[in-house]
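Two complexes are shown next, each including chain A; its partner changes from chain B in the first to chain C in the second.
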Partner chain A sequence: MKNNPLRFVYAVPYAVWMLLFVLAPIAVIVYYSFFDLSGNLTLGNYRNFFSSIYFKLTMSSFWYAFLITFFSLLISYPTAYFLTKTKHKRLWLLLIIIPSWINLLLKTYAFIGLMGLYGPINGFLETIGIGSQQILFTDFSFVFVSVYIFIPFMILPIFNSLDKINPTLLDASKDLGASSWVTFKRVVWPMTIDGVKSGVQVVFIPALSLFMITRLIAGNKVITLGTAIEQQFLVTQNWGMGSTIAVFLIIFMFLIMLLTSGKEKGASANGKTK
Partner chain B sequence: MGKLSSLPRIYLALVFVVLYAPIFYLIYYSFNSGGGMSNFESFTLEYYQAVFQDTRLLIIVMNTIIIALLSALLSTTIGVIGALAIYFMKNKSMRQTVLSLNNILIVSPDVIIGASFLILFTLIGVKLGFASVLISHIAFSIPIVVIMVLPKLLEMSTSLVDAALDLGASRRDVLTRVVLPYIKPGIFAGFFLALTYSLDDFAVTFFVTGNGFSTLSVEIYSMARTGITLTINALSGLIFVITMVLVLGYYIIGNKTKSPNQGVKR
Partner chain C sequence: MKGLVSSAATILLVSFVLLFINLQLENKHGRVGKDTITVYNWGEYIDPELLKQFEEQEGIKVIYETFDSNEGMMGKIEQGGTSYDISVPSEYAVQMMEQKDLLLPLDFDKIPNIKNIDPYFMNLAFDPQNKYSIPYFWGTLGIAYNPSLLDGQTFESWESLWDASLRQKVILVDSAREVLGVALNSFGYSLNSTSLQELKEATDKLETMGPNVKAVIGDEVTQLMINNEASVALTWSGQAADMISENEDIDYIVPEEGSNLWFDNIVIPRTATNIEGAYKFINFMLDPEVAAQNAEYVGYSTPNVKALSFMDEEITEDERFYPDEEAREHLEVYKNLGLETLGVYNELFLKFKMGLR
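So, the complex of A and B:
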């Protein structure tokens, strides 16, 4: 191709998109974080963020995100592992993925019924003699529903990395006298660590910023960074404070990405969670 | 690999049951004449009728579909352009930078996208409603299309382009008769993903929708906040069927091209 300056003229729409919807949004968020409610330039929002209320909020948000990621991993790893050993693994994988294509709101809504006072879970507890419990609007229900939502996104990258392992390696390990636990620890796990990392990435970041599950399932008992941002933007209309929290969420996001970015590429193609 | 023993089988079965239970639970009770999501009384289709008689809801469904189709179409166009631009970039570090910028919107939490777009639209003066929702959906779908199309471009042998040029094809011909046909599966996959991302989006739409305009997700959210309405159940039954059709379509396209990446929605 010749090197004329008009070579990239066709790329203008894409460049405009990048300027307007990737760079500008970050810029306006940072810009707004320096203004208070009445439009004065201030550092007050940042001072606020480091006050005990927001510190606690950040900590609890991280704690919940950690719990959600941990349990998702705990359930997903064996699932992915067993899936790779089934006969029609691609088909089974698709079946695991399908629930994630159903509208998020509908699945969350289902749990309102399932976990309600007269719902089937309480009915079950009643029959086995425990008696009905308040399940909805607790932090348990919040973590449970979130894990439910995120499991498919965790399974997919782990499945892909497990699927890539050359089976002869496992045979070699067995032939050399390793027990299946040692084989798992020394061969399988290290080879799937990148899949686990990208799974953690696609679960942890959205888990920090969930707000609709907290509202519908946890009944405002759990406040995450996402809930706080939504609250500041849409309820109290304090865009400055909302932006400040958003700035920190962006920083956390980059840190998590740094921590979980494997050398392997392609993890980003696995899609994103909401 | 060996056959699965019984314990893993039970485990997998359990995961499947848990994953599907809420969905079938919703659909099951959509036929309940009792009016709630417990105590199934008798079979009825009245909630499905209610869905089709509720003009407000139907308008919202139409809005959602129009937004999804338009945003998928436009984002696919811009995304393909973007992928081509990245592909033809000679400078390696520049290409890497553009690629990382491209991925920012994919990994950003929705709340951030929603909040920042809200500020942006208010600053520029875009009225919140159809336009703002459409623009946002286009914006967050573009990087997904790029991610789906770029690998196809990269796996295309450069000698194809060279051969076409040597044989006297104009650059326009190269694009329309060599490159685009080659990356067509990637384009379709990107379009499908963009479509489903748009249909499924809640958080971003929730921020930029304003009053008076609503998509299905936002509507379900406000309905669910007021409690249980079996109309939502009936709606979910319908959505489940449509989703299955879309997934099947995507799966068939994906299988035809033997793409290693299964697309996943947020």
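So, the complex of A and C:
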């Protein structure tokens, strides 16, 4: 297949796809970001982005995305680890993945009911004597629901990399006198780091641009870059400013991809090449 | 490789079968037929029974689509693509659409039922002589509250929203002009203010309301109020009527400093392809009995004066939803402030939301 002259032909659909649906839209966004409301060429949008309010917005977006990623990882790594130890691991994994097939909005609306003042969570808090709390529209509820939504995407790559570890390596490590902690630190963690990195990628980047949940669960007390873009396009109709925020979002994504991708080019995600 | 080809072939085959079934179904329902109109309206803004009645009466199929903001609706109409025959923009949006040349002028000869509309609601500033639009519903912006969850607070004045006893209780709508409008009204400034000084004062004042704000959301507020999850909400009259019909404890008031008076209006966008059908639809909706049934279903106030006699007196005599002309004196209609000022409003609103904790 490698020296087949036809392989350029095979690459055509891919190249056309990339051009039409990846490069062209980005080019259009960058183009729009240089225009103001009356259609004049300007750098004003970029200047505006660095004004206090959008800068603050970016910082807070990053902070929440960081929190969401951190807690997702904290829960997903041990979960994935114990999953690989269970008997029917594929079945358990499937059970964890299934909720991610349900529409995001449906799940979010379910949480509105669960977290309400008269919902089951507050009912439980009432019976154990803590008394009902305002859960909805808080930082806690926002991070909680987001983590819930992203967990399957974090577990999957970590599970795959853990599952591929050759058990004889762990035996070898023990035979050589390493404690469980040292085995984890020196053998398991380095071999799963690529899984963790791709997990972080698929959680952190969408978390930066979450919207809808910011309104339904956080009551717009948390505002992300995604919400700001939506507002600029749909409400303010300032496509220039919306595009400018989007350009920065794209730049941030590239930076995060660079930071979280392995050093060796073309390394497979399962860490086998290490 | 062989497996790949056969699975690709299977997917293609299944897709074609589905496409074929879909086309068959559409043919059966006459969707592709010539006599259809596409109505583009707000969500929950028409009695679906009436659509059926119209289809039977006129033999015209109605394709019904909904939007949730004037801006989103205008964007879709501007881009073309779908041939909407009817839309229902708010008053400032009528102006914007007119400026962008997105509307067709109306021919009153084809809408004999226009005579049923209260002259008070005709010939308004946003569309002189009703060249492009006919009022569909009107209403106010005010405060819905549930006395059974409060300690006797009342809301005759916007100032009461700042009361320290309402900590984490107030729900605002996620819309810049409405929320900034509360502060503008409380100062006695115009809702159409373009003075940066006034807007800044308003934002500063709003920020002091921060600790009282429970959430800034959209239509979800209706459910929260009905379920006693929330006790005070800034909301539109029709939404308040929805809440009251489900939960009798709730009350609605328009504070005395004044508020917004708004109109949603039927228009025929430039994208229309079945203009005759659109006129028939407009005329149908203006029929007194139809308008009465629609108003009872939707809960907003109808400008159709003949319809009032077909409606429950309990509704039409309710000053909260049908304020008399004297009460309307304090109300102000939004003007189209232009995108520049709209941007300023939204940026200040964003700043306010960013400060919420």
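To be clear about the criterion, the second predicted complex is superposed on the first by the 244 of 274 C-alpha atoms of A that agree within 3 Å, B and C clash if a C-alpha of one lies under 4 Å from a C-alpha of the other, contacts with A are read in each partner's own complex, and residues count from 1 in each chain.
Going forward, a residue touches a chain if its C-beta (ideal position, glycine included) is under 8 Å from a C-beta of that chain, and two chains touch if they have at least 3 such contacts.
Source: prediction; values computed, not measured.
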* Asked: Superposed on chain A, are chain B and chain C clashing or fitting side by side?
  -> clash
* Give one of first, second, both or neither to describe whether A:L94 is in contact with chain B, with chain C, with both, or with none. => first
* Once the shared chain is lined up, is A:L23 touching chain B (first), chain C (second), both, or neither of them? -> first
* To do: Go through the superposed model and pick first if A:Q133 touches only chain B, second if only chain C, both, or neither.
  => neither
* Asked: A:R215 contacts which: chain B (first), chain C (second), both, neither?
  -> both
* **Contacts of A:P152 with chain B and chain C, given as first, second, both or neither** => first
* To do: Could you tell me if A:E230 is touching chain B, chain C, both of them or neither one (first, second, both, neither)?
  => first
* Counting only touches as set out at the top, which of chain B and chain C does A:I112 meet: first, second, both, neither? -> both
* Greater residue coverage of chain A in the superposed arrangement, chain B or chain C -> B
* Structure fact -> Given the options 1-9, 181-189, 271-279 or 307-315, the segment of chain C that clashes with chain B spans residues 1-9
* Asked: In the superposed view, which residues of chain A touch chain B and also chain C?
  -> 112, 116, 118, 215-216, 233-234
* Of chain B, residues touching chain A in the complex -> 1-4, 8-9, 11-12, 15-16, 18-23, 25-26, 29, 36-39, 77-79, 81-82, 84-85, 88, 98, 101-120, 123, 139-140, 142, 144, 147-148, 151, 171, 193, 196, 199-203, 206-207, 216-217, 220-221, 224-225, 228, 232, 235-236, 239-240, 243-244, 246-247, 251, 261-266
* Structure fact -> Contacts from chain A onto chain B in the complex sit at residues 1, 7-8, 10-11, 13-15, 17-18, 20-26, 28-29, 32, 75, 78-79, 82-86, 92-114, 116, 118-120, 123, 148, 151-153, 156, 167, 201, 205-206, 208-209, 211-212, 215-216, 225-226, 229-230, 233-234, 239, 242-243, 246, 249-250, 253, 257, 266, 268-274
* To do: Enumerate the contact residues on chain A facing chain C in the complex.
  => 37, 53, 56-57, 60, 112, 116-118, 134, 136-137, 215-216, 218-221, 223, 228, 231, 233-238, 241
* For the complex, which residues does chain C have touching chain A? -> 69, 71-72, 75, 168, 171, 174-176, 213-218, 220, 224, 227-229, 339-340, 342-343, 346-347, 350-351, 353-354, 356-357
